[in-house]
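Submitted below is the structure of interest, expressed as structure tokens.
Chains here go by letter, A, B, C and D, matching the order in which they are written, and residues are numbered from 1 within each.
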């Protein structure tokens, strides 16, 4: 096994976990690569959506990259007692730029480690789902990318996109205020708009720019999406709208909306569960379903 | 085990499969009841959505009822070579009346067999999904039911509704004509409107009456829905609209849209598969997911 | 589905559960047949090893026969309060004769129901495992069978034998007395030797005749055996000796000895569990393992 | 995740893979530790029994240590074309000493990495199973350990031992000669006795010393053992004798003998399979069964 960490800038890095290509004496196997964007409201990066997910897919035969993108909190603190140090430069599209920069770094590493980057998948959780879906929506739009300072030639075509209870608009604050509030989320409220938009009061143009549901287009790759219907943080209706738009465009969007569970379950099994409330037998089936889906799309794209 | 068949009329019947309530010497267990409406375009009843599904859920601890509702073909024939004998009286709302009549028969049987009909679920496949969803939409609407000749007092409250690649409007003919046609479906085309509407050219009012997506309301019970996105017969967009409407109304609608598979997979495993094309590893997970969902809703409703 | 019961004599019967051979319109599938001998110390027949097991394998694509063989108790009673009516004629080899008679009845039924009896498996639990293993050991021994009044020509070759926590000698009483006694088993103690041997004090010859471990021979079919190591009723050492002997003779004996569980778990899931003490996650995997094993041996024998 | 490699001597090392103990912000979880001894006839170390197994259990919540013990071949070569460089000092009990030295290194690391070494399990494959079983048999025998140069105080109590198709005597050469030979194994034949015993012709005393079946004793921890009955390399009869002896001593030895498969399947799934001949659905269930077993024994020992 190989674990390589590369800095992208003073705040961001990527960690590449690679299976040994030599599976038996002088017998080599090439694996597809899965990039993971953990969630955390663009304020921090959730641990349970990083390493445990990476290892789960590594053990199932994927090379895995965890993108440690920049977040608004310089470090995670207990908001009940401590005022966090914040980073005013951490907002859209900074994380999208970091994702594209990570692709450049992977290209540099690919010769040394014999990574085949045509077999590429991207998985995002919650706010990391916003990041992943932003890439899926824009990766082939040279004009837009140039405008925000990204060279479209640095973008790579994905074999598939995976979204776990994704944030699909920037309106997280509004959503949370509309819903039934729980304490820990309410503490994050004052920081959400700066973390997402870079300001307290986003303009209509900013809102439109970050609303990905409205931007689903023919360049979006095949998608796998799952969410709990009990999710009180990101919007099930946004996810349904995403699936509906994709379907109308003829893009396969396998989707699983579980009646049980809640927001932010990660693997939904006991590996990273704080208590049994973080486990759900139905939701935890997403890993096996995603693995079947990944294998199928890896094979389909390989034939094309 | 008990297998009881009761006639509802000269063309329809129900078959009740019951587990022995005595699971050990003088130890009794009560099971929930699942009514199955197989599909078949209201022309015939698909075998693979009847017995194999019934036995699968029977073995998982449910009493199962298969509703053998009236269909347009008096008997199934090979349409390539034979003109079918048809039954002009077999069309909406006849099957809905038969379903309600089945509930009356079950009530009569309940004392003898100690069936607890408060623990009731309804599962429909394809056209059987239209029948099941019709019941879910109308069961509590006394005025409408009276109009079509059903006494609302004969209706029972469901703990949950399950829809497998359901037909959710009467517009099956239009849908098929719009899609990529396969031969066996095209042969059914001339019979579809008579079988569904009782006439060749349904009015707007008839179309509206049979369009269930437009009629989702607060009386619809919690729902579990699954479909293959490769379905070329019933509409994935209708299913997505059903889920979206349910969600907007606050009705839990667990839903699974699989990227692989096709229309009419039944169990999607090898039990009733004619060839391996009738099997799909992802789709076949619906049974375990439905079982988890049924147990959860049986428990929730039991506590209420 | 078809459920047919046939009497074998005034005390014994068989029940045949058959899947519909027509799995789709004019498409027929032939299923292998599994005969189940439930346990119950030859005193009674355990419900949890009858119907729930039958339905589980029926739903997995097998025709299933439950052998309701004669037992020592004329009917099951609560031994704490009631003296049971006993049947002095119910002892070895009566049940073995009934099993062979059941095969004759199945042969008679096979034309009518298109049963292919070359695809035959036999599964026994506990005392029913003694019955099944007796058949496996003797079915091809014309001389012995003639001696006990069975025509060897009535015997059918099995594709495989399945033993669930089997009783492999007649020394159940001695075993129980050696072990840690639990109340309900102790109540059965006075009846065991009459039920097994037909007398209170079996001779050495009788003990040897019913000791199947000593009689494993080259005619025993491939075997699948499972048991909990916590079993305090039947002997794990006997089972290990059976596996060892089979292996020495070159007979495949797939075997699973689970560290958890206890005697008499049946399916070991919640279907027929009185309390959660009757469930065990590890032991319950025997069904899937047995299904894989059955399919493999059904295929191997089919090719031969 | 943490991957730490420590040298034990010029030829041996250990690699420790640790999950992050912080599973969520300031929430810590302690994991049990599993030491893996890969197989390879003491000639080399099989890749498929190293990293893929390590990652599989790491992803299931274990800290994993791979013991890279010394082997007879200085490096792996293609024996068809190349004469291997050998290491005459690589033979029993060198590897056992290295295992004990690895425990000392782990003790040193335990403070730094907060490893709880009372929650310790040992898993060995094939020749690595001989190494693991040697430890299990001898770890508490101060006199014997002193004789071979090990300080018993360096040994740690195991919560459990796992043996995958273990070599349980040194008589691998004799076994292979008795069996049906396949080419790649025959090429290893001249090297086996030097690799195992350190000489071509072992004495009776040496054979007895390395025969672990004869040395099962009350200090052996609870054991999980699995093997394919089609194994043509290590002895199924030895494994059955080990299970029988353990059972007679009252040591739980969960054991799974699969009718399908072959020697050396590792995970038996497609992760490290060279061809589909290296996969087997039944055998691959050992991982889930082992995980259930590990969790149970981790909990039992934790309560004691």
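Just so it is clear, contacts are C-beta pairs under 8 Å (C-beta built on N, C-alpha and C of every residue); 3 or more make two chains touch, one makes a residue touch a chain.
All of these numbers come straight from a predicted model, not from anything done at the bench.
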Farthest chain (mean CA position) relative to subunit B: D
Centre distance in Å when subunit A and subunit B are each reduced to the mean of their C-alpha atoms: 37
Separation of subunit A from subunit D, taking each centre as the mean of its C-alpha atoms, in whole Å: 39
Averaged-CA centre spacing for the pair subunit C and subunit A, given as whole angstrom: 54
Chain contact topology (line, ring, star, complete or other): ring
Pairs of chains found to touch, sorted by chain label: A-B, A-D, B-C, C-D
Interface residues, subunit A side, partner subunit D - complex: 1, 3, 17, 19-20, 22-27, 29, 44, 46-48, 51-52, 54-56, 58-61, 76, 78, 270-274
Partner subunit B, residues of subunit A touching it in the complex: 222, 224, 229, 236-237, 240-241, 243-244, 247-248, 252-260, 281-282, 285, 288-289, 292-293, 296-297
